[in-house]
Amino acid sequence: MLDKVEMKAIVEGLLFISGEEGIDEKQIADVLQIDILSVKDILRDLIDQYTDQSRGMQIVELAGVYQFTTKQDHAPYFKRLINSPNSATLSQAALETLAIVAYKQPITRAEIEEIRGVKSERPLQSLVSKLLIKEVGRVEGTGRAILYGTTKDFLDHFGLKSLQELPPLPEKDDDTSLEEADLFFQRFQQNLVDN
Amino acid sequence: MLDKVEMKAIVEGLLFISGEEGIDEKQIADVLQIDILSVKDILRDLIDQYTDQSRGMQIVELAGVYQFTTKQDHAPYFKRLINSPNSATLSQAALETLAIVAYKQPITRAEIEEIRGVKSERPLQSLVSKLLIKEVGRVEGTGRAILYGTTKDFLDHFGLKSLQELPPLPEKDDDTSLEEADLFFQRFQQNLVDN
Amino acid sequence: MDIYNVKLDAFEGPLDLLLHLITKAEVDIYDIPLSKITDQYMNYIHTMQRLELDVASEYLVMAATLLAIKSKMLLPKQEEEIYNDEHDFVEEDDPREELMNRLIEYRRYKGAAETLKEKEKERGLIFSRTPSDLSPYVEEVKREPQRINASIYDMIDAFNQLLKRKQEKIPRKTKINREDFPIEKRMEEIIEQLNQANGRTMFFQLFDYEERSQLIVTFLAVLELMKAQKIICKQETNFSDISVCRWEGETFVG
């Protein structure tokens, strides 16, 4: 049997890894094999601990789901991180979105969100404002959703002559799917022969 | 000017939002507009705090960046919730190839095959698609063979801070590792006999 | 049964097989009894062929090499090779030397691979989280091309992370084999769940399980609670979702 200190540490870890999806009391109860009441008790303790001003995160509850979030007060620093000229890198969200647009264009926002599993309006906006993607058309019919595609700036930026020069996307997992790998090597060898 | 408690809270928040991408000392210094030494000082404090047994996370330095991770001891509980990131472990062929690349980079496929004594296209391709190695250049002259080197993901995958942290390559006359490896074959044969 | 009758892919190639034979024979790698090891190697190859396994060409090349070294060692040394010239004493080459060096070199990396495997296993015990989406913090920038520090590989890397994330997410449901999943306990949990949801929940929400036995116990628990007049189940129309309510909350309304 775990003691309470240990259980609290594990719950802290669970909250951490469950990220923006959060975790509910029942999931915690299942993992620790304790009852819901004890879970509530541990969560209350943890929430108290994090309320302290000296902490960088807080635990919030939304519809029975608990998650760590950052503090509103620190927003200016996160802004500085993402907008700093040294790290003028694209965010993970923007890079993911860009990869999807590059390989699947023309594509709508809904389709991108389907692949990413999260809302993607902001990364799309940020890519449009950086002139890496643009509207390339509209879906026929009702709604007439915007279709996105990459721009010439996109090619310039990544040093590509054309979209054909995009490297192949990584396979999902190749050790397990040997057939895929086999196909790859057939094509690979074909290429060698052709060139 | 921020006081140290506040700065510590902000660094905690920065580590949190960076997740598995991690954040380096320079980025933190830029955001807080303080020097690297003060950043090191704050990080040391935070790392200490999280070392406490009652905590569910720890701060580790991986591939040159700092990040929050869960603790090893708690792994059994998290495995109930999610797949281990490294659950799909590498094949023996991939591991051997990777070891050669890691210690002899930059290195060509032909040189790797010379050491292993077998064709190594497949493990190389698998390592490239897993982003553990990448093309780092080409050999001058005819053929222009691809030179391979390890990536940042490689360091992360094996929990290393930097390439300097690679354990030393076994000595030429050290055959202890071999004996260990051979235990595997003994067990393997035993299994064959048993079944 | 032939002792070398092991699966072909248990070895990573002819060097790996040779190392195995050498270790097994407990002989010095710097002084390999070539005749013995060659015989064992050939024995292994023949066994594989008898089992109609494809023997990769590398194994056959090595077999030829071994036989060549073996025959060289059997040949009487030629005098002019030993005493080429009075002043220029040529050291006699050990025909095994090149092979020995290759084996030793290969062994080092095989050892390193073992260490990496250990490290990989250790690393697999710690978990992190997906970075937060920072795009809400991105300041609206003027519509003009910017310098961006990202390469095409950063983009592919990001896509790979996405795949990884999706892969990790599949088994989100906790799978825990509970030995005991008593109806009484499940009944309490259902009441607790109802209390949390202001006395009303959807039927399917009670069945958040993957195990058959747990589904059955939950169903029985619902029936028991209905019989004990603790809960009431309602369905507006045929095939619509069934809602489950606390009895007290519903008697007046219904």
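Chains: A, B and C, in written order; residue numbering restarts at 1 for each.
Assume a contact is a pair of C-beta atoms (placed from the backbone, for glycine too) under 8 Å apart; a residue touches a chain by one contact, two chains touch by 3 or more.
Please read these numbers as outputs of a predicted model, since none were measured by experiment.
Asks: With chains as vertices and touches as edges, which is it: line, ring, star, complete or other?
Replies: Shape of the chain contacts: complete, all pairs touching.
Asks: Which chain pair shows the largest tally of C-beta contacts?
Replies: After tallying contacts for each pair, the winner is B-C.
Asks: So, comparing C-alpha centroids, which chain is the farthest one from chain B?
Replies: A
Asks: Could you grab the centroid distance between chain A and chain B? Build each centroid from C-alpha atoms only and quote it in angstrom.
Replies: Taking the mean C-alpha position of each chain, the two centres sit 21 Å apart.
Asks: How far is the middle of chain A from the middle of chain C, if each middle is the mean of its Cα atoms, in Å?
Replies: Measuring from centre to centre gives 24 Å for this pair.
Asks: On a C-alpha centroid basis, what's the spacing between chain B and chain C, in Å?
Replies: Result: the chain centres lie 16 Å from each other.
Asks: Identify all positions of chain C at which a residue touches two or more other chains, and write them in rising order.
Replies: 127-132, 134, 153, 156-157, 160, 167, 169, 174, 176
Asks: Tell me, which residues of chain B touch at least two other chains?
Replies: 16-17, 19, 21, 68, 70-71, 78, 80-82, 90, 131
Asks: In their shared complex, at which residues does chain A touch chain B?
Replies: So the residues of chain A in touch with chain B come to 5-6, 8-19, 23, 27, 30-32, 53-57, 68, 70-71, 74, 77-78, 80-81, 84, 86-87, 92, 170-171, 173-176, 181, 184-185, 188.
Asks: For chain C, which residues are in contact with chain B within the complex?
Replies: 1, 3, 5-7, 10, 12-16, 19-20, 23-24, 29, 56, 58, 62, 102, 104-117, 119-132, 134, 153, 156-157, 160, 164, 167-172, 174-176
Asks: Can you name the residues of chain A that touch chain C in the complex?
Replies: Interface residues on chain A, with respect to chain C: 13, 16-20, 26-27, 30-31, 33, 36, 64, 70, 75, 78-79, 81-83, 87-96, 98-100, 102-103, 115-118, 122-123, 125-126, 129-132, 153, 157-160, 166-167, 169-170, 172-173.
Asks: So in the complex, the part of chain C that touches chain A is made up of which residues?
Replies: Chain C residues touching chain A: 127-163, 166-167, 169, 174, 176, 178, 189, 192, 196, 208.
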